[in-house]
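Report on the structure given below.
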Amino acid sequence: MSGFTPKDPDFAERVRASFQAQTFMTTIGARITLLEPGAVDLTLDRRYDLCQQHGFMHAGVTAAILDSAAGYAAFSLFDPDQEVLTTEFKVNLLRPAAGAFFVASGRVLKPGKTLTVCRSDVHAQHNGTRTLVATALLSMIAMRGEA
Amino acid sequence: MSGFTPKDPDFAERVRASFQAQTFMTTIGARITLLEPGAVDLTLDRRYDLCQQHGFMHAGVTAAILDSAAGYAAFSLFDPDQEVLTTEFKVNLLRPAAGAFFVASGRVLKPGKTLTVCRSDVHAQHNGTRTLVATALLSMIAMRGEA
Amino acid sequence: MSGFTPKDPDFAERVRASFQAQTFMTTIGARITLLEPGAVDLTLDRRYDLCQQHGFMHAGVTAAILDSAAGYAAFSLFDPDQEVLTTEFKVNLLRPAAGAFFVASGRVLKPGKTLTVCRSDVHAQHNGTRTLVATALLSMIAMRGEA
Amino acid sequence: MSGFTPKDPDFAERVRASFQAQTFMTTIGARITLLEPGAVDLTLDRRYDLCQQHGFMHAGVTAAILDSAAGYAAFSLFDPDQEVLTTEFKVNLLRPAAGAFFVASGRVLKPGKTLTVCRSDVHAQHNGTRTLVATALLSMIAMRGEA
């Protein structure tokens, strides 16, 4: 458990509904595999059409799942009428993203009324081994009304 | 012109061949629209299947085109036997990525034997107006042999 | 000229008063050498007591002047009753910070009601030549009342 | 223990000698309070002459200690003839740096022949409580000969 108390008891439904509205997550085949207050994991299978020039997962795909995982980790702690937008992120790509599937783990480091700072790590999994391929720091902003 | 002299006279062919090997660029429909030594632009049309929850282009797609644009800007200055990998990048998302199409402009700020530092900006275009939606700093590493 | 219109006609006095309250700027000997709406330059002489292990200026000193330059560039556009805090920054250190003096140029890229995004570059100067040693992206938040 | 095996059995002496050569660390009064392979803590007392405009520790000072802590964490794993330089870092400033003293904890996340990626956290301590005020990701490069 993450130790955060959500302000919205229906946070899980709200996260799932918003995630489903992210057409790009459907395009790449990402799905939610952990959903707790302040903590979201997304899992993505390796697919040939998501690669860079050496057959590893493209850094943009890595960025997409670590960003959505962190964004929903933040969003899970928001008021029901607040929207979430990423204002900035920084990722260190530690190793080529090689593996059968990938798990992005977004975690809230510091919730805030306006800005929520998250960490997000991506692990590659292959034959039962788990390798950290990317780590990121991200800032999420809480907006009211239309983003 | 960018002011850089490429070490490989066939840099343009090398960049185009590598770009074509990035299956993810084909998946999202990005194409090279400027290719000079140390400078690469990628253009991407707005597509419904590349969006986040509010219908704007997903930050991962923005990251993908700004990363590939910068990577190939760096790669254009490499020796013919060198490969390129992104080691890290940081992006500030300045405005929602709304527009008819998007242009990522990768530019080499500081070439180096090992590390090349680039800037990459993404502009949204709509009805003849051009809006900066994201700006990034990226580090690219030159590798010999298999990446 | 930067093209920004300040909301506070007395922005220059407000910036200078706040800068003088930054004791660390006095400690290292930094001074304001350009002050326009959305644009602040700070100049710092090379000093033996501000170095890292090879005699170059310490990255923390480089960070200090690029952060204050950007912070005051943002602050110059704020309402008179708003305070400024840096929420995050990222710096690429392009070359060792060697030179007789250093100029940090903070520029507002995107002003905002809550967040203002800035770029800040540090150039080393020596015998009439000017070398870019660091480039940064920074987020500044506008706060009301006590920071 | 960090789990890393140093290549140089005299890594601790090498780190201490290099740290002592960083005049800026003496200027601000930072000292090494933990030194293990891949892990270095620096401690700094709050001082009036290191502040920003609200009396909190200046972000440049926070950056200085988190950078040196991470740099020496990386350096502790290097060959005896290698030097260390920071190539880039990103810091999220989570809370104002208020406290009696500050501890920067640099930890190697991913060692490498050329690049070593580190995390570095700064905690403020006051009356027995410990608060995370900043978290950073940093890239360190191993150089041979003069940096």
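Order of writing sets the labels: A, B, C and D. Residues in every chain begin at 1.
Following the convention adopted for this analysis, a residue touches a chain if its C-beta (ideal position, glycine included) is under 8 Å from a C-beta of that chain, and two chains touch if they have at least 3 such contacts.
Since we're looking at a predicted model, the values are computed, not measured.
**Q** Please state whether B-C or A-C has more C-beta contact pairs across its interface.
**A** Most contacts of the two pairs: B-C.
**Q** Copies chain A, chain D: same or different interface, half of numbers shared as the threshold?
**A** Chain A and chain D contact each other through largely matching residue numbers.
**Q** Quick one: which chain's Cα centre is the longest way from chain A's?
**A** Result for max centroid distance from chain A is chain C.
**Q** Please report how many Å separate the Cα centroid of chain A from that of chain C, as a whole number.
**A** Measuring from centre to centre gives 33 Å for this pair.
**Q** Indicate the whole-number Å distance between the mean C-alpha point of chain B and the mean C-alpha point of chain C.
**A** Those two chain centres are 28 Å apart.
**Q** Which chain A residues reach two or more other chains?
**A** 87-88, 90, 92, 117, 137, 139
**Q** In their shared complex, at which residues does chain B touch chain A?
**A** 18-19, 21-27, 48-54, 56, 58-61, 63-65, 67-68, 83, 85-93, 96, 146-147
**Q** For chain A, which residues count as touching chain C in their complex?
**A** Against chain C, chain A makes touches at 87-88, 90, 114-115, 117, 137, 139, 141.
**Q** Report the residues of chain B in contact with chain C in the complex, numbered from low to high.
**A** Counting only chain B, the residues touching chain C are 90, 92, 94-95, 109-110, 117, 119, 132, 135-137, 139.
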